[in-house]
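Each of the two complexes below includes chain A, the first together with chain B, the second together with chain C.
== the complex of A and B ==
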């Protein structure tokens, strides 16, 4: 029980990171972006490329920070991957979504996002292949916190949780303490009014994509660090991330964070009540329950 | 926009016209669908082996004098992709014969929703689910279904035999939650119990989960003496790394699906010292050894992955039957000719270009042959099944090595003793 909750919190941290970007995008551009979770894959693979590059060029960086399996090379690669993924998100928006936004309705955007997802996924398969990749071949050994009940935790997972929380805190400070954060929230509230007040819409949209892209890249890299990396990381995260966004309420950053933890913990606990074959239904059940009881989500504004 | 569509239609009509014109101008050819997971590391050699048989058949004169055009599609080991690809082969390429695929979870929907309804014959190299036996027995497959791979109960029984011999007292079964995994997982659990091994739990792993940590934790709760893994490499890697990281036992028995370099390198050879795998095998007969030599000569390395000899025989038997049925045969007509290719009383023919040429000659004259293939002298039962001996294998520095050969008699005897 305690172990399941603990595992859920750790998985939840990654889902939360992914959901923050999605909730901002969905709220600001008002469409369900099914290509969103592919940003996690872009980020994780970008980190892989730079990790290999740095490890080869500067062998000193290839030392893991014990007891983590994280190396200096990977830490550096993650930062670069965050920037690159942010940029890719802007480019994808510029190439596809911006054009459709100007001409067609939100439904076309949804369909386009499916197409974009397929393209990204298959390009990754073309370049990297279907097989699983790892940043480190080492298996991270768990530390035993308690024998009865048996509670195990991996140092990597604690690091992932800590880093996710730091990133969320940074975003929170930016949203609440900077002029840019105000502009961003203003656009989310009412794009027309924000423009009247002198906020450049295109700049804000680009900024949101960059934020969403970098947080996703962090989520993807952290996930690959604690699990493995394969091209299916996008579809794997699609459902949990959407569930977290809907649970939290579209547009609410804090809702997305909470939603991520709820989905993570519920999926962990699901195995205690459901046969293992049915446990993946948990995110669906959560979405259904939230939509039935509180359609606007936990933190969402009532738009009726 | 409308004009565009019309233009496009015109262009494609023209292209089709040109294509038929070209086809008429040259010699005839028959389209054969080949569907394997070519983009997966263990799938590519299986597909290449099938294509190689196509080349050999063409060298021997082709199907009923026509060149075989093996149209290869990738199912990506994904059910949705596989069914779509099969549909395109059947509907657009108009094949009457589909060779494929590996995973039972994909083969079953293709058989029940694409090939059998369309009357197309399907021959798989590697699908081992007993669910396919039920489908064939119920008549749903309309006699169009064959496979050159023994059903999963052989592997399940051999896993129990290995566990008993290794003195394992308790085990937890972890299986992939698809047709194949449920099937082999259930049979393995029954087999373990039949030899007196306590089965703590059977845990299903679903495809594409963000993490298998919860499942690993659940398995750890019982502190089993060993794990039985009926998984594919993708979830196998994830689960086993999680399991070992949590301090679970390294004593593992795995199905042939884990016979993959990906699994070996990603989990790490150092962690797989206590791992032993099961697989069905070719009998130790000259024709099987000849295949190994021919394969090494053609591809430059010995056949080491799963399903290669089965893939060879699946393609060879199917194409010889196609030849016997004639170039314009329907799927049902091809299927009806399979017994003439695998007739134990027929003339024994080896799996070489000369052998294929001789077989075609005999078949054209109305005789029957006994195909001596990479998996020995293949014969199908009423449900399109074959039986086979088994091996146990381990991971080593060079890849995967056979540990022990368990003959057909030994396998059958053991299976009879536990049932």
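== the complex of A and C ==
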């Protein structure tokens, strides 16, 4: 029970990181982006490539920070992966979504996002193969917190949770304390009025893609660090991040954070009573429950 | 020779089933503007529903009622419609994204249900042994294939005729009206939520019929039939053919199914054995690229929607064609 909640919090932190960008994109560009969770995969695989590169070139970096399995090389790679994934998100927008946005309705973008997701996912399969990969071959030893009931936690998991919270705090400070954050919130609130006030819409949209891409890359890398990396990371996280945005209310960053934790914990608890095969369906049941009780989500505006 | 003809009947039967499903999607997306992200869920509900009602009994498993064929097929169709009704009721009053996400979610949930509910669906090994219609009377396998192709074509014609009747009726005009301008339609006393719900449910029933026919043809259904790729294939068919045009939908179904089959053949021939696993990925990339490029360069499809003059029905043929938007 407590173990399930702990695991749920950890998965929740990763879902939250993923959902923040999605909620902003869905609110500003007004389309459900089904290619979004592929950004997690891009980030995690980019980190893998640079991790291997750095470990080979600069062996000093290949030392793990005990008791973590995280190495200096991976930490550095993760930062680079965040930048690269942010950049790819902008490039994908330029290549596909912006051009469709200019001439067609938002639903065409939803179609296109499915196409983009198929392309990204299978290009990753072609390059890296179907099999699961690990950043580190070291075995992460779990610390026993209590014997009865048995509760295990890995140092990596504590690190992941802490880093996720730090990233969220950084985003919060940026949104509330900087002029740029103010501009971003203004666009989210009322794009036309923000433009009249001198905010460049294209710049803000590009910035949102960069934020979304880098947070997703962090989420993907952190997931791969505590679990394993395979090309299905995109589809696996797709429904959970959507559920988190809907629970929190589309457009609400804080809602997405809370929604992520709710989805993570609820899915963890559900596995106590349901066989694990049903896990992929859990986020959908949460979405249904929210639509029944409070369609606008926890912090969302009315979505009618 | 008989091999080629026999393969051709198989190909056309599958293409016909795909065309039926594409027509269902055309009613939802082409004529009403509803985004269905889980086509495969309604196909699967029809397939599994038909199988459970009409299939043979399995020890320790629910179902196997062995009902008459038409009753089983009707039950499958009803199941697909009921699923759409529930999803529609919850989401159609909300922003369009919710329908897209929920229908996608239904497909994921249904696949995991089919994979894990041993007692209901037979789990990962699926269900087999559906008594195919007329199979007892027709001895030759080849002749059965031909007869079944004719049945599929008859259903396709029926669905086509039904949808054409529907969209040229006041109901169809109201659907297009809410697609183009919801506020104006509402001002004229139409209820967008109710009209959308009907369109979603009827479209899903047609997809369910496709699923039922599929199970009657292969006599077998498993969670492998519930993979999301079917949803993408059906979309590609509709987008390539032309949404809002039934001719386009059927043309797209035949073209894409042909392209899919041919690319499958070509890849198994050309790609070395060590890379056979990747052949599927290449096909997926091709279909993804096709969807994106159509949307970028020819969003109206090969056969664009014909906006007909609906003041009197005889003017339909004479009306000039024009592109949507």
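Points to keep in mind about this one:
FYI, the second predicted complex is superposed on the first by the 297 of 304 C-alpha atoms of A that agree within 3 Å, B and C clash if a C-alpha of one lies under 4 Å from a C-alpha of the other, contacts with A are read in each partner's own complex, and residues count from 1 in each chain.
In this section, contacts are C-beta pairs under 8 Å (C-beta built on N, C-alpha and C of every residue); 3 or more make two chains touch, one makes a residue touch a chain.
Quick caveat: nothing in here was measured; it's all calculated off a predicted structure.
Upon superposition of the two complexes on chain A, a steric clash is found between chain B and chain C.
Of the two partner chains placed by superposition, only chain B is touched by A:240; chain C is not. In the superposition on chain A, A:177 makes contact with neither chain B nor chain C. Using the contact criterion defined above for the overlaid structures, shared-chain residue A:100 touches chain C, although it does not reach chain B. Of the two partner chains, chain C is the only one touched by A:121; chain B is not. Applying the stated contact rule after C-alpha superposition, one finds that A:200 touches neither chain B nor chain C.
Within chain A, the residues touched by chain B in the first complex and by chain C in the second are 125, 130, 275, 277, 279-280.
Across the interface of their complex, chain A is touched by residues 33, 35, 37, 90-91, 93-98, 100-102, 104-106, 108-109, 111-113, 115-116, 232, 235, 239, 277-278, 281-282, 284-285, 287-292, 295-296, 299, 325 of chain C.
Interface residues of chain B facing chain A in the complex, by the touch rule stated above, are 39-41, 76-77, 177, 203-206, 208-211, 213-215, 217-218, 220-221, 233-234, 237-238, 241-242, 244-247, 262, 265-268, 271. Note for the complex: chain A touches chain C at residues 26, 30-32, 34, 96, 99-100, 103-108, 110-112, 114-119, 121-123, 125-126, 130, 239, 242, 246, 250, 275, 277-281, 283-285, 287-288, 291-292, 295, 303-304.
Taken together, the chain A residues at the contact with chain B in this complex read 3-4, 7-8, 10-11, 14-15, 125, 129-134, 137, 139-142, 144, 150, 152, 154, 223, 226-228, 230, 232, 235-237, 240, 267-268, 270-271, 275-277, 279-280.
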